[in-house]
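We call the chains A, B and C, going by the order they appear; numbering starts again at 1 in every chain.
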Amino acid sequence: MSLVSHTTPKTVAGRFVQGLAAPFANMPWSVTVAVLVLVTVALVTVFARMILPFEFDQMDLRARLAPPVPMDGSSLIHPLGTDKLGRDVLSRLLIATQTSILLALLGTLIGAVLGTVLGFVSAHFGKWVDEVISTLVDFQAAMPWFIIALAVLAFMGNSMTVFLLLMGLYGWERYARVTRGLVLAAREEGYARAVHALGGKPRTIYLRHVLPNILSPLIVQLTINFPETILFETSLSFLGLGIRPPMTSLGQMLGDGRDYMITAWWLAVVPGTIIFLTTLSMSIFGDWLRTRFDPSLQD
Amino acid sequence: MSTTADLKALSARPDPAGETIAETRDVSKAFVYRKASLTRAAEIFNAVDKVSLCLERSETLAIVGESGCGKSTFGRLIAGLLPPSSGEATFRGHSYATLSAEDWRASRRNVQIIFQDAAGSLDPRLPVEIQVREPLDLHEIGSRADRAARTREMLDAVQLGRHLWQAVPSELSGGQQQRVVIARALITKPELVICDEPVSALDVSIQAQILSLLADLKSRMGLTLVFISHDLAVVRQIADRVAVMYLGRVCECGPAGQVLSHPRHPYTKALLSAVPVPDPAVKRTRLLLAGDPPSPHTPPAGCRFHTRCPVAVGICSQHAPERQFINGHEVHCHFPENAP
Amino acid sequence: MSLTYVCWKLLRAVVTIWLVVTFVFFILRLTGDPVAQLLPDDVDQNTIDHYRRLWGLDQPILVQYWKYITALFQGDFGISFRDGQDALDLVLSRVPKTALLGFTALAFALVFGIPLGVFAALKKNTAFDRFVMGLAVFGFSMPNFFLGILLILGFSLHLRILPSSGSDSWQHMIMPVVTLGTSFGAQIARFTRSSMIDVLNRPYMRTIDAKGAGTSRKLYLHALPNAAIPVVTIIGLKIGELIGSAVITENVFAWPGIGRLLTFSVATRDLAVVQCILMMIALTMVLSNLLVDLLYGWMDPRVRVGTREATSR
């Protein structure tokens, strides 16, 4: 009867595993490289503390501005050289990567959860609730958020909570827009309406049916927002407003290294390269995921 | 087949003919078609306008009419899925409007609806077996094992091949999807099932299969069916009674044989004359309707059909016709055709 | 395009500006007393009180807000805490430099982005297409502060052919414009490509083929105008991003525009100037969004005809 039946796993679990693995078949080489980079970054984020050769703030004033390995005067003790205070660049880089990625991850998740929930609320209640949320969405989209964040951070001082909050609020409106549209479409589409007619509670309809069905476009949105959140954090830290000493992040390292461009160019280039590679890999991976999940969603 | 026996056992409920199972009294549903703004009030129209109808247990009532006549909306009112703007819709004597949210959800066990778009009304992501079982999960009917067994019975009853039970809807054909939807609607053993154009999206050959399946399940389970369709050929096959709707109102309602062979309302006649008859010997006078139906947003005054009616006279544009009964056959017309 | 549509958009624009002004006012006031932060620690209470009175900071915050809003309507943005200059004058004096940089970068992005996007779409799935799109991914993944630093390292410090900071000659503009325009141009190229492919795949393009219209006629008369609609929208939506990037670019290259003034004022807690800049930026964003909306309505006849379809949905 059906052509597909023979290749279809019989169990739900089998289908689930196949569904997860399917998109990863026939990856082009560029995506494979991107995934490898992302996995490395993820491993560094998790294990930075364990593979640290030195404490990231351990100074060695006798070995200041040592160059990285292939250059004259370098040593294997500091394979990526040292900074103005003789701190090991590799160790700082590991911690900075961890900080930047964790912050971007948290910020993206806060925005995603907030936006998705508000999108659901907006679509579910409609009427004035929808009006209010839609106005907030438009407002957020029309605000120069990066600039406002810059001003707020400067006046609020060195507060991690405020910084995280600003990052979380960055981009939430896109999830809200996407979710609201998708939920409304899903309700129009009929399966949600059908479950309602079967006697399903709103919670069942949204959590069991609608959310799993709109998850792919939301994940795609996540892959678009994540690199932008990294840039948001690194840009602010670069300007000296986000992560400030004694803590460090990739943007903060780059901002610091900027003052030594003539004598120690690697101080800026090394963290900059890591930022670039991460956002580049995320973009390549996200693009590919997007065409995989939903060919109609291409830009 | 043991499942047949089981399903027969399920249907062993008292089955007194003539018992009213659901009813609508002067029920109307208004929709906004232009939102209010600062300068003008919202513009609304009645998709269903003061319709009264009685459904008897175990009958199949067909509701026919052109698209846009309000038959789907009326179906949803009978099912209790839409709150009426005025009048009331009752099921087993209880108005849906008086039910709490909890009781309303519980009532879904007994009142089910099958939508035209089978593919759309199935979750694209879940295997069909899980979806057919879902109503049992939602209403917490039986133990886990019972639910699984009942799901299998039901899937067998709609003759969906076992190898398709784990498939997702997109892997099924249109007819198979509709079988799944039917299985899901009937698994709670509902008393009343509203079928909203259940076969009009299907090929003609598949239509016949689904129709005979529905007729079979109906008689085995003792269902009461409301069958909404624009296709008189389909209605002829399945209906006990037919109600014809035009612009939100019923114009004629009666036993299928009478309405379809001896229509009394000019609109029904026109509808019927548009159906091709497979016998060239039969001579018919084609009764063609002039123009499109008026916009439901601004229905004509008086009898709603008078703008296209071949027999309309002055009174038709001024007064809406009263309901009258001719041999238990309800007609809304100033000049109903008499029995042959 | 109906009058109601235009009025509605205008109203929304005004409300957005008001919200930004209010939001910024309260957030910045809530972060502490600017006087205490501005003056040295050892000044006596009298001096502090004097400045608080002078800047109206001794009054309840709602009174301050009301005064601020009414003053705004008279074009009074307050005075710089630093040097007593009129905040608006100070900001306006920096506008030309930023506008010069911004518009040149925008032109740079469009001049490269649109043709590359169009050709990539026309040569879809060829090596050229893949090359251009690969370049585009590189372009918008590159953080502009890093690109700026790489350019300085390469062209100022290594090759010594371009100045690394300042704004005195056209040579000074090259690196800032490339830094600011690259990411934007890359996004435009990608967007143009997908919009163009979308249009070329529509049924009406096949009709035009069937009519036997020439390739260039098909391209210029039918495909490009239709493909331009979403591209225009995206340009408007990205103006905010462009301004954000400009702040960073101006900092990297010491370009004396609004962005430099903003980071400087923020560092010195010059409240009036910061507020004035934020409002100017919000105004620019809202106006460009408004412009895009109206342009969109004018370009897309479906919107121009009326709002009937929009309201019935």
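Heads up, the rule we're going with is that a residue touches a chain if its C-beta (ideal position, glycine included) is under 8 Å from a C-beta of that chain, and two chains touch if they have at least 3 such contacts.
Model, not experiment: these values are computed from the prediction.
Shared contact partners of chain B and chain C, listed by label, are A. Averaging Cα coordinates per chain and for the whole protein, the chain whose average falls nearest the overall one is A.
Centroids built from CA atoms put chain C at 56 Å from chain B.
One inter-chain figure worth recording: chain A and chain B are separated by 50 Å, centre to centre, where each centre is the mean of the chain's CA atoms. If you average the Cα atoms of chain A and of chain C, the two centres end up 23 Å apart. Contacts from chain B toward chain A in the complex involve residues 79, 81, 105-109, 112-113, 115, 117, 120-127, 130, 134-135, 138-139, 161, 163-164, 166-167, 171-172, 181, 184-185. The touching residues of chain A, counted against chain C in their complex, run 30, 135, 138-139, 141-148, 150-152, 154-157, 227, 231, 234-235, 238-239, 241, 251, 254, 258, 261-262, 265, 268-269, 272-273, 275-276, 279-280, 282-284, 287, 298-299. Of all the residues in chain A, the ones that touch chain B in their complex are 1-2, 4-5, 8-12, 15, 189-191, 193-201, 204, 209, 212-213. Considering their complex, residues 12, 15-16, 19-20, 23-24, 27-28, 31-32, 134, 137-138, 140-143, 145-146, 149-150, 152-153, 157, 190-191, 194-195, 237, 240-241, 243-244, 247-248, 251-252, 262-263, 266-267, 269, 274, 277-278, 281-282, 285-286, 289 of chain C touch chain A.
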